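Reading through the structure tokens given below for one structure.
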């Protein structure tokens, strides 16, 4: 199962070298990732039932958490593969990129996805680090894909800042292994070996190590104040890649943090983990809200909202009651889906108006009716309105905050969510409605793009309904992950 | 008797060697911190990497592990030979000024470096306690190298300086890994090397691009994306 | 029996009301050392108006035409709520003092509309000012009613009819009510019935476009309104019991006092009219504010039970 | 734990049914009306869309008043807000409606945030989201917590209801929606907030201290006055009506607040009576405000403008609409024998009877509240004399009004239904009271078997033994009889001949529309009398030809919106300012960014032991 999930992207990557026609490539991609999606769904089901499974002489180790993250990645990757077809075609028609460049795009796309799939599946924390660094290196090209001053700058910032962060993470990892080795156990970096013995490891070293981890992977996850690369990269990347970046790349970093977090919770105790996570989460929430309020660039706006949601997620994990963690995990999924949904929309809008500046964008609903309507719904979904799914996960987190008695956090959450909502309505109201600028006319949108929208939109709505029923299982899974 | 002597001698030799090597690392790092021009920086980076190589070899001799030899070899090839060469070539290619572009002048940088040294010393002591002096020294120097790397990245303007800073940090971590936990698992080690290699290539590529689009590699001037 | 009483009361109001108005004018004139018109002048006016044909503005709509009837009916309805002959009004279950406020408002509402209907700027001015004054009258009136209610525990007029001790609060309340009546019956210092100078007129400006029989109806209505107010005030400050003895003298003395108290109020109105000058419109606001304060004082007295 | 699947999904009690009824009687006529209204305004697709939204809107409101679980309530509540937002921005091309929609949805969302907080505090004690569980838990809730929850709920629902100073969204949002939607929003949607207050504060939380009621009374009085005064100044007819919604919400809340006050004093009889008064005014307001908005919509459809200064003389071209509007205006100005009169009378009586049963200064407080209520109704009457007179009477002031046509049948039908109800709810007061007693009893959870507020089916009598009666049918009868009597008098005595002639013009021979009194002129006395609050200012501009001769003279007068200017705008400015300041931390220098990371790391390590 997992072999296929890791293999298919590689095969597709190889295909990119062989196949000449980019259109065919796109379709191949879509089909391949559809398969991956199914496989990952089955995998999730299996793992959820069977528990931890080791494969390939313990190199790969899957538990429910990793299976879940694989599933999330699969969903978003499929959607953006679908979306890429139409998008790249449009770019080629507009003469922004050449056929050859398109093939490079698909090659990088697949490598990127492959590396992301590796992150949750490897067992060795060192390899985890390598995989995440790989995602950075590959996606750097995709960020700098359009050879413009801005995109090169963004790519540079992205690669440098993330590498530095990641190096701290490596330092942390080494400290972990050090703690592991001085505790007199055989040398190993597998989390599956570390978790059981976490309680006998040296607390001080663990604490410091976790700070390194948090700062390191936090940089990658876009937690303030290490978030600075994020808006640049997201705003400059190719639209489907922006979706991937903020949809799942950040989540892989979160996954890494969780992996160490579990060890910390068992080794040092919960409070330490909780306080750090909540602190960073709250900072991210506040900072992002400030930037969202006065943002002028559409894609940057969405990027900052990703920071906000990452903040919410980390607050959720920080609260740490089963409910909160369940909420946070759901939020990982919901945000991945919704945000990539929004980025697709943003991609369409930007490629139609040829500019990011929101003041110059008017009357989207008139110009691109489908995208416009979708975006309108998407805004409310993203800002946590029922009946969309984010509402439920946010609700879970807030409820958990209240029941846990941490009113301050809850108040901050409510306040800043309201502020951010206001900002979003303000920005998007001006963009979506109103009359078209002069000399622009209604245009058609590629079918595949629409399909991608519908797929995600469906997920947004279905999850909301499905959660109503499977919530119990969620809690159960979370308990299996954190509390046992 | 004489057997005992040889043992003692060996031990002494090893430790002194090790401390000498560590001293070399320290010195080369200081050289980097006060370097004003890119070639000087690269040169001292080469020294540092070479010291690391020696250190690894010693550990390999002590532990008699094959993969450590391999690691040492890779280290030599990559960081002592290949990467510095690559960086030299880049400088020549892009014909940018060899100035590093200092935010703070060497004297001040030196002070910072001293501060960092102390910091890392304190940190090391905190981490493993003062009972094992050699360990503490190693740890302290490793941390110091990392700090020096981030220092370079923050306080030097050009893109190349940042690449080197990154590599320095990596060196520091390598030192840490090899000293503290007797090196990573082998394949991780390899993977990391590969990773470093790739990242340097990519960064080099982007340095070219920056030079192409901005006609300089002063990343401090890259501030079109803000807010 | 009841229906006869009602008819009697209606006729009584319709017949007597103009007389009171004439009386006031007469008294005013004699106070001003003038000969002036006779007491029955209002009747002559009414007859004249009825006998004249009417002129209706071409811009006017049906609102203009129905208004006189609505005004008359509203005032007469109020008249029916006031006990006159016997100590409880024939229709005491129809409404109470609070209802009276709203019923008067009905007539006023339509009068104001009719004034706007003709499209003359006089009408607009009149209705604007009228609504302004009346909207400020209402709270004062409401508070007066409140003070009365606190004394008698009911807003039904028939309850505080009949003999009752005159407390401080009822005196203050009566004064307040008197001032309200002055405002409501458009008399000096709030308004002036005798002028047709556009700067000062309020009520007259509203009815400026009316003529003939419809004007007559409106006149009657205003007479009746005024009389109603007098009776209400009289009830509060000059309570009167049922005639003690049915013999002639007793009945005579009773009815003497019965009308005398109305007369007193009439004289008071006349005195006020001759002794003060008309206010500017925006001073009226202060005036009615003062009445409101009087109402508050009355309530406070009632709360203190004095 | 969080339960999405509640044990008790619905809660049907008389209160819910009452509100369902309110929703029904307003939404049905509006739906009928919309057939005619939408035709020609929008394309077919948009019309269908609007009907679709309308259905969801109505369903969500129905859900809000019937669900028995806080979370479901929240969901329904948010869906309601969402759909109404879509309906507000229905004319997507108008800048104004987009702005209005933004203000509306943001305000309501902030309100919702408060609601969420309140609900979750309740949930913390109840460990469940079901109403009944919460009700039980609230019995044991400590008093300070109750106070906090009450305040949160008040802000939350108050935002939706539009109590001053949370009302600012209302005059923007209501006029921008299509008229049948405005009538539903103003007639019903804001009432759901009242439902929320009754359901959550009175029914679930339980009133435990008397300052709650007093606070609500004070807010309500302020809302009444502010609403009506702003309405007087307004000359956009739909905004005028929207401000009147603020006023009437105030009157409704007077009833509710009194009910809470009396409950805390243990005067259950009076509590029920006041709540009835409130509920009665609620349904009345739903009816006549719905009617008025529909009429305003007809005027807008017929003339294409909402500015009453441009209208006039419509009573001749659109007699039906005029008649319906007149009925609505009479009802809202509390003129007998229509429904508004009854409920205001009841509210006043509630104040009076209450004053008998409390002691000392509170008596006076209640009395003054009653006085201010009377002032409000007086001002409302003035305002509607203006609204009706300027819009429908005299000569047309512009071409908009000249070529107006009477509206289509379905619109007339919609208006007719509601105007019919205004009359019925006036005349059948006693009967309706009998029904409302049950509702109020259920809401307060008091035993109402011995309570009766009416003598028979025609006569109201708030409290037995006080001899206070009001018989609306009798009143109506006598009004009609005496009117006819007057007519007979007129016929008998008067000469029949009446001449139709020009309005008297003091010899100024060309009296035209420009000589008529305008709405602004009409409200001038009020503007001056309340200038301390309205802070009016004028802009004049003369264009002189020579020193002596002025070619043209422009004069406009405005009033300052106190709350907007002194509360909201500074607040928003502050937020944006701080956000802009925050923006500076990201100037685009990669070195700085790296420094951030490094310093974050150092700080965390230094303060490690704090965590």
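Should a chain be cited, it is by its letter among A, B, C and D, assigned in written order, with residues numbered from 1 in that chain.
The rule is simple: a contact is a pair of C-beta atoms (placed from the backbone, for glycine too) under 8 Å apart; a residue touches a chain by one contact, two chains touch by 3 or more.
Just so we're clear, the structure is a prediction, and the values are computed from it rather than from any experiment.
When the partners of subunit A are compared with those of subunit D, the chains appearing in both lists are B. Among the other chains, C has the CA centre that is most remote from the centre of subunit A. When every pair of chains is scored by its C-beta contact pairs, the maximum goes to C-D.
We define each chain's centre as the mean of its Cα atoms; on that basis subunit C and subunit D are separated by 35 Å.
One finds 103 Å separating the Cα centroids of subunit B and subunit C.
Measuring from the averaged C-alpha position of subunit B to that of subunit D gives a distance of 72 Å.
Centre to centre, using the average C-alpha position, subunit A and subunit B are separated by 33 Å. Touching of two or more other chains is recorded for residues 583, 586, 590, 594, 605 of subunit D.
Among all residues of subunit C, none touch two or more other chains. In subunit B, 150, 153, 162, 219, 222, 224-225, 227 are the positions where the chain touches two or more neighbouring chains simultaneously. Per the contact rule defined earlier, chains pair up in contact as A-B, A-D, B-D, C-D.
On subunit A, the positions that touch subunit D within their shared complex are 156-157, 160-161, 164-165, 168, 207-208, 211-212, 214-215, 219, 225-226, 228-229, 231, 271-272, 275-276, 279, 287, 289-291, 293-294, 323, 363, 365-366, 380, 385-387, 391-392, 395-396, 398-399, 402-403, 405, 410-411, 414-415, 417-419, 421-422, 425-426, 429-430, 432-435, 467-469, 471, 475. Interface residues of subunit B facing subunit A in the complex, by the touch rule stated above, are 126-127, 146, 150, 153, 159, 162, 166, 169-170, 173, 176-177, 180-182, 184-185, 187-188, 191-192, 194-195, 198-199, 202-203, 206, 209-210, 213-214, 219, 222, 224-225, 227. Residues 124, 126-127, 129-130, 133-134, 137, 140-141, 144, 147-150, 152-157, 159-160, 163-164, 167, 170-171, 174-175, 177-178, 180-181, 187-189, 204-205, 208, 231-232, 235-236, 291, 294-296, 300 of subunit A touch subunit B in their complex. Across the complex, subunit D is touched by residues 10, 50-63, 68-70, 72-74, 76-77, 80, 91-96, 98-99, 101-103, 105-106, 108-109, 112-113, 116-125, 127-129, 131-132, 134-143, 146-147, 149-150, 153-156, 158-159, 208-209, 212-214, 216-217, 281-282, 285, 292, 295-296, 299-300, 303 of subunit C. Per the touch definition, subunit D reaches subunit B in the complex via residues 583, 586-591, 594-595, 598, 605.
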